[in-house]
Amino acid sequence: MQHTQEKWGRPRDDVYGPYDASYLNSEPRTQTLQPTVTGTSVIGMKFNNGVVIAADNLASYGSLRRFIDQERLIKVGSETVVGVGGDVSDLQTIEEIMEGLEISESYDEPAQSLTAPNIHSYLQRIMYKRRSKLDPLWNALVIGGFKNDEPYLAFIDLLGTTYTAPAVASGFGSYLAIPILRKLVDREGDQQNVSKEQAVDAIKEAMKVLFYRDGRALDKYSLAILSKKDGKPDVEILKDVRVENQNWSMAKQIKGFGTQDE
Amino acid sequence: MTSIGTGYDLSNSVFSPDGRVFQVEYAGKAVENGSTSIGIRCKDGIVLAVEKITVSKLLKLGANKRIQTVDKHVGVVYSGMNPDGRHIVTRSREEARHWRDQFREQMPIPTLAANVASYVQLYTVYNSVRPFGVNTIIGGVDDEGSHLYMIDPSGKSWGYRGAASGRGRQTVNNELEKLDFDKLTAAEAVKEAARILYVAHEDNKDKDFELEISWVTEANGRVHEFVPESLLAEAKIYAEEQLDADVEG
Amino acid sequence: MSRFNPYGDSSGGSSLAIAGADFAILAGDTRHSTGFSIDSRDQSQIADLGDGLFLTSNGFSADAKQLVDDLRTQIKWYHHNNNDHKLSISAAARTTMMLLYGKRFFPYYVNPIMIGMADDGTGAVYSFDPLGSYDREPSRAAGHASELLMPFLDNQVTFANQLDPQTGEPRKRLDLDLQTAVDLVKDAFTGAAERQVQVGDTLEIVILTKDGVDRQYYDLRRD
């Protein structure tokens, strides 16, 4: 006989064992614990008249090349591009948030034009807010555009950390691309001496190195070139750009793993 | 209106013995005296236009827009009580945003018009509220093509090739009926809209007015926006020329 | 499965403040780094709060940014509510403590330092721990090189635990003159940049006197 009321009607301990309450004391529930389908690095640099940003078209599922035509550069407003690395479903969330922002801004009369600093600030607040709810958007963002006609380039990560620099990169790009880009733009102001062609070449070179060395990279990517023409923004997004002049002859020299004759 | 004063005009939720809801009809009166607005559904898109009477010289030119954007692909213009119109716009925006959040697609314009009409209709069946004093013209382009709807204070929503509302509607309708909507391009429709509003304004000549014209076309990427300044200027010149020709001829 | 860690190791390098009899100095390098990677060489970490107040917050830089935004909001409302009355540094310091302690159970991972001119005209340095403990001090260093900078300041500014060779008495803290203080700051950072990889690029110094604000920049090691 069980003598206390709270035990009445419950399974008998001597038959079913004591109640397992451990789930009540387990870890609090959190949201995204890890990204699933992911994009790799995004890179960007300034030049004398604008900004170049690139991100490849691969969405990986772990080490699986899951989707090979994922667009990761988002044009926001008329003169800003946001490059997104990290979780692709969160990328889509950001895409929707940006579209909602654009629509809300178009309500205003006269319509305000969203600038890169506006979008940078807005996205930083979203990323920081989500990390503070322990429900982060698992992304690294590169924002390129203009601030008072000058090139503007900024970075935000999933914690809401942010900074601006003349060359930025996420993921492997921060190790492999940054040294290449900083040869041209090391400190703020260096971009004055860099032409659009030089910047595009440097970005293409960096994308090549990334494809060689980053196992989650693809040799097909999108390239956004933002420049000012007569004070007006000109945004050109080149799609399906290929890594050119690949040279894999050194692959034969690599020994020590796999099935090899010697 | 012979039944005025018989007590059946005080409440929304009461029919008169001859089957009318007077509050709704009175709302229609508010519209009849409102500024003239036009919608044209042409070959490659839609055009919205409104005659904005300058009620005071103190008002800033180009401010207080009467045509508004609901979603990227949809615009709205209305005749009647402006504050009611703005409320309808706010409601329309909520509808369109809700659809986007739910389905990740742009809202089909027939659905938007139907939902907004349902909302308007609700304000005709409760005695605690009054109907909206506006005729709302909703126009846009979606995957199914271009659409133009006009919703009246009763909540009636009909699709149109050309729609007119407000003070000059009779004149405008006469002019609209002459257009060949299957052949008309949006750029031509902009000019015609300007011309027609100028014609309609002849009956109200003592007052100055501003012209607002917007469009959604396939060519501009299905985005609702005001027509370029240059096109608006061109349309005004065309309208004045045609008007002069009519007077002389 | 590991839990999401809301804190990161992104930060500005180091910062340092010295209070004088009629001046206050706040200095910081402009390097922003994550781990061993240099994110930016030109990210100023000194926030101008208005009312002659300047703040650095070393630690997790996303939290630092949020703290600055919070403080700016507080100061804006203080002005709205009090006819644009200037916020004193003692009140600003108290406000900072309120903001920090307000997040006692999800703290801002930062070590803020604030400078300004006190009501009596002396230079003031206030420093805080992440939970809001705070105090007015003659000098303070924070950030990656705080362990290198702070002992140097103790030795050169406060003369801590030093005996006067003439009298054998504990050496009294002197009021530094401005130039000596600025030179100390430069030496301190040159030294810190030598040994701490997260410190370098450019040294930004804000000098506060009764006459206003002066900003100076000096090159540091960039490797």
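All chains are identified by letter, namely A, B and C, in their written order; residue positions are counted from 1 within each chain.
Rule of thumb we're sticking to: contacts are C-beta pairs under 8 Å (C-beta built on N, C-alpha and C of every residue); 3 or more make two chains touch, one makes a residue touch a chain.
Quick caveat: nothing in here was measured; it's all calculated off a predicted structure.
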**Study point:** chain C reached from chain B - shortest hop count over touching chains
**Key:** 2
Revision key, fill the gap. The chain whose C-alpha centroid lies farthest from that of chain C is chain B
**Study point:** Computed distance of Cα centres, chain C from chain B, in Å
**Key:** 60
Check your understanding: Measuring from the mean C-alpha position of chain A to the mean C-alpha position of chain B, what distance in angstrom results?
Key -> 44
Study note, to complete from the structure: Between the Cα centroids of chain A and chain C the separation in whole angstrom comes to 32
Exercise for review: Report the residues of chain C in contact with chain A in the complex, numbered from low to high.
Suggested key: 1-4, 6-8, 10, 32, 34, 37, 39-43, 60-62, 65-66, 106, 201, 222
Revision key, fill the gap. Within the complex, chain B is touched by chain A residues 96, 99-100, 102-103, 106-107, 109-110
Practice item. Please name which positions on chain B make contact with chain A in the complex. Key: 62-63, 65, 68-69, 71-72, 93, 97, 100-101, 104
Revision key, fill the gap. The residues of chain A that touch chain C in their complex are 27, 30-34, 124, 128, 131-132, 134, 136, 155, 157, 159-165, 168, 174-175, 178, 186-188
